[in-house]
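Okay, got some structures for you below.
Next come two complexes built around chain A: one with chain B, the other with chain C.
Right after this comes the complex of A and B.
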């Protein structure tokens, strides 16, 4: 109770409580709405029409539909592929390699590369989607610079390889975050440790794998936690690039949720999807937090 | 990392190559934006001019810029004000379970926002808030858990001895907060403001559902609506519009860059 003996705080408890009031109110609203989102998942509420007013409780029917009807499981699989390749393989590994490489280079190159990567991250989602649609189109940069000069007919990437294209776009957009986090983490590894490993004859690969990685393991877990969850629920980029198509090739859970809730108006079923997503995200978080806590 | 000169030169070349690849998609954007007779193709413009930009800041497009500015600045300022007045007591008073509570809230916010959007939409509809004010309040609510956690962490780093000293000198609570705590956590506040600003500036889903008429669209929805259109697309206009839309988010970052990196290290370490 050390802090509460501070007189400027104890004599102003009323003012302090008053200051917390707006935030408490808004948090209350957030909790209330979240509770409603849960409740909706047990109803057949619709966006428009009769069921938007006269909805009724349908028990676990929405959750049964998740598994019995096509859509959810396919979207889950697409999401797993999207998260694995764009967040874990792409952003995380690339971000780490960049952070490790740039650590030793001159500051000039370092800031140029940094700014280039940051530009992707800072770009609004919709602009990034627009940019990548244009880059991968039949007359776009990749075709004009690589495919056509090599003598092949232009490829319509966004139609023929939709999922790889959105994965690449997301790697391009998101690597900066992992880079910044790993860069800050590697700064906390003391130079002496690295030098000692060098003196002992460790190769660059060994230095990274056996010395740096174990030291920054908590940061890796933190990073994984953040980017997995973000990518898992990431919506605007894919939605603006493909809308989930062609067919359902790029329909991740977030896009599926939007299409069900707002395009088709099945708010009840949509809420069930978001509850299921929350459950998956929760399990993943616990898994990563375990990883974070385990002794080195 | 390498002391070997050929090795480090190879690394430098590889890095430069990578940087070029990274920025190459921008070439199309820039070539088309400055091309007064843009066709959406990747080509060297025959006539260069700012006509597209003039078009992108006038009429409906200019209005959408103002909408975005209002939403982003409004959300960031409201989040920071509400956040500060709650985060200071949270940081200084020993409220049991406050950290667990804040983390629970942050995890709760990991819920895909489309889920909370449904009840938010109904509430806004009933309250007549399907407009910019509604978007600002909704975004502030969604931001608040993260804002509170970050601001509390920054206030925790302000040494309490300074406040004690000020109190002994006869300063009131208001003076202590505005003259000591706030100036000392300036970097943190800047980071939080920046996060909320860019978050709201980029926000797409919420205004897509809340904004019913074209006049109320922020730039994200305006751009989406324009390039989703069938028929003749005015690429010159769209690319110039994209650049104007991207500029503030990029600009604010570079203005606050030093603060950002300090604040960022804090996020990373505390996790």
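Right after this comes the complex of A and C.
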């Protein structure tokens, strides 16, 4: 290993340390914030008021309340639904299907579709939130173009179907990432393998299911890892579109955490929620990382 | 050679980094967009007089309360800050705000401020902020929709049943939002003040503090009372039992804009809100003419519940304030900015043009103010008003109240909501700080 390194760098410890400094700082800051949240999850620290200065240790009380008080378990369930439908089913499957379909098409059509998909990804979350609120409102585009011309009374989507609307908005917003990743992955599958399968009489479905998918399995796992973590902690689009409501209908863990920490002002409880989220995401990550390993 | 190149790169990068960090302005000031018409001329006057520059941080009203609390708690807040008056005592108790007594003593216009309103912006006898305005609360209604529903005007409901009755007629006439009663966490303080507290004050006979969130004598928060139950039941009737209003306006991306759009599209029936709507229903900084406004909407005081002994009308006042960060670099300069915003000429012009309720006698006793019909009626309503429970802890209690109304939107029963609210109060303040009324 040592002989591959730049001799000037290895002979100069000072420069080497200097080069490592940014990385060390970054890791330090990350650890500091995690440790901060972990430590304060055992306290009753508040955002303002007396308990923001004179906080005290309360043991496991905050963690008990995750289960004994209304909120956390509901939010966890909402988050699971949100992640499953918008990230795993929506973004990932849709992204793969688009990538697989567009693989063989002419570059003109492909570019147009790619630009359209990318637009959702490139728009800032707040702009996207306004756009979706306007589109799904009672006088919005969907009602004006589809529902009313078909003879149905206009639907107040956010009021009646808040969670599905937020899920669809997030699918629209995030599919570009999965599409790009799968597109690149499918490009790496050599044509010879596919041709060989074709010659052996494999149907198009079999070619995808039995040939392509096994080859890009590591990419699928990587994509799942990324989008699950992102979507699990995703905040701005939901917060701007519905603020977690109506009622608690779209209150995911990230929105619940925000409300408890900054509206109610209970940073101790908020820290406990974030520690719980960290643990859940950690377990999911380990699961996906195991998927990444090549089978023996 | 390589070493020299490396060091040159480091030096060049540091220079770029240093240039990228903006030079610190003398005075920073954070405020909400809706008050621009008051503060922006003040900033300009300050800059012209002192030659200093003000770094203005102008934010949307949505989420402003959380932002200011977080900025002050994190030590990143501006030198001068606009804040809702209910936050002052709590922020002062945390040591985030600068007491203004000494600075105010040297300002000749301080004598005009109404003492009662300064109390709201005080903590332990010290003034921490200056009020921009106060307000009263009422029920606004859209005249064209009332006509469509066949409700006689001027509308004068005597009990909650009259409101529900009108809302039902509006709903039957096809009005989209018959009774917009602020609810839920996204409405933040509006749900507590414009909705819950206005109902609560008239829910039960006004004995002691039976109609409040706090027992002011013992300092205990009220976890359960007939008044709270009746108030939550009103929400339950509006949003669940009778379905007199869809919940979505309370969760719009920009609630103020959504309410304005609903009014403009003739979708609004009754709106529980406050005196500022006389401008803000159209544009806080630039309202239309008196005639245009009167042609579209009217207002009536909030009636009591109709329970024996309950008040016939209710009212609660709030308002906003401007205060100085305890960590402001140059407090004299910061205070100078505050006084140039509140300088009589500027302050009076804004108060009159936007129909805000005055907080100073030199403005409230001026002939232009007393001659204004809207302000005269609103001031009459203010004769019987009260304030929020602005003691430390109120912000948390208010957030819990908002959560309780959100749970009702989801269909939770009044019993469950009360139980949850009571438990949360005990969690936050301890059992000895929570009481119930039978």
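What to note about this one:
By our rule, the second predicted complex is superposed on the first by the 282 of 296 C-alpha atoms of A that agree within 3 Å, B and C clash if a C-alpha of one lies under 4 Å from a C-alpha of the other, contacts with A are read in each partner's own complex, and residues count from 1 in each chain.
One rule holds in what follows: a contact is a pair of C-beta atoms (placed from the backbone, for glycine too) under 8 Å apart; a residue touches a chain by one contact, two chains touch by 3 or more.
No experiment lies behind these values; they were computed from the predicted model shown.
Model built by superposing both complexes on chain A: chain B and chain C clash. Shared-chain residue A:172: touches chain B; no touch with chain C. Shared-chain residue A:277: touches chain B; no touch with chain C.
After overlaying the two complexes on the shared chain, residue contacts for A:73 are found with neither chain B nor chain C.
By the touch criterion stated above, A:109 is placed in contact with chain B alone, chain C being left untouched.
When the shared chain is aligned, no partner comes close enough to touch A:210: not chain B, not chain C.
Looking at the superposition, the partner that touches the larger set of chain A residues, chain B or chain C, turns out to be B.
Within the superposed three-chain model, A:16 lies in touch with chain B and out of touch with chain C [touch as defined at top]. In the superposition on chain A, A:130 contacts both chain B and chain C. Residue contacts after overlaying the shared chain place A:34 against chain B, while chain C stays out of touching range. Touch criterion met: A:139 reaches chain B and chain C at once. When the two complexes are superposed via chain A, 57-65 is the only one of 39-47, 57-65 or 327-335 in chain C with C-alpha atoms clashing against chain B. Across the superposed pair, chain B and chain C both touch chain A at residues 8, 15, 130, 133, 139, 240, 262.
Every residue of chain B that touches chain A in the complex is listed here, in rising order: 1-2, 8, 11-12, 15-16, 18-19, 22-29, 40-42, 82-83, 85-86, 88-90, 92-94, 105, 107-120, 123, 140-142, 144-145, 148, 160, 163-164, 167, 171-173, 176, 198, 201-202, 204-205, 209, 219-220, 223-224, 227, 238, 242, 245-246, 249-250, 253, 261, 264-265, 268-269, 271.
Residues 8, 15, 46-50, 52-53, 65, 69-70, 129-130, 133, 138-139, 156, 158-159, 162, 240-249, 259, 262-266 of chain A touch chain C in their complex.
Considering their complex, residues 1-4, 6-9, 12, 15-17, 19-20, 22-24, 26-27, 29-34, 36-37, 40, 45, 98, 100-106, 109, 112-113, 116-120, 122-127, 130-135, 139-141, 144, 172, 180-181, 184-185, 188, 194, 204, 207, 218-219, 221-222, 225, 229, 233, 235-236, 239-240, 253-254, 257-258, 261-262, 267, 270-271, 274-275, 277-278, 281-282, 285, 292 of chain A touch chain B. The touching residues of chain C, counted against chain A in their complex, run 2-3, 6, 66, 69-70, 72-73, 87, 90-91, 93-96, 176, 184-186, 188, 246-248, 250-254, 265, 392-393, 395-396, 399-400, 402-403, 406-411, 420, 423-424, 427-428.
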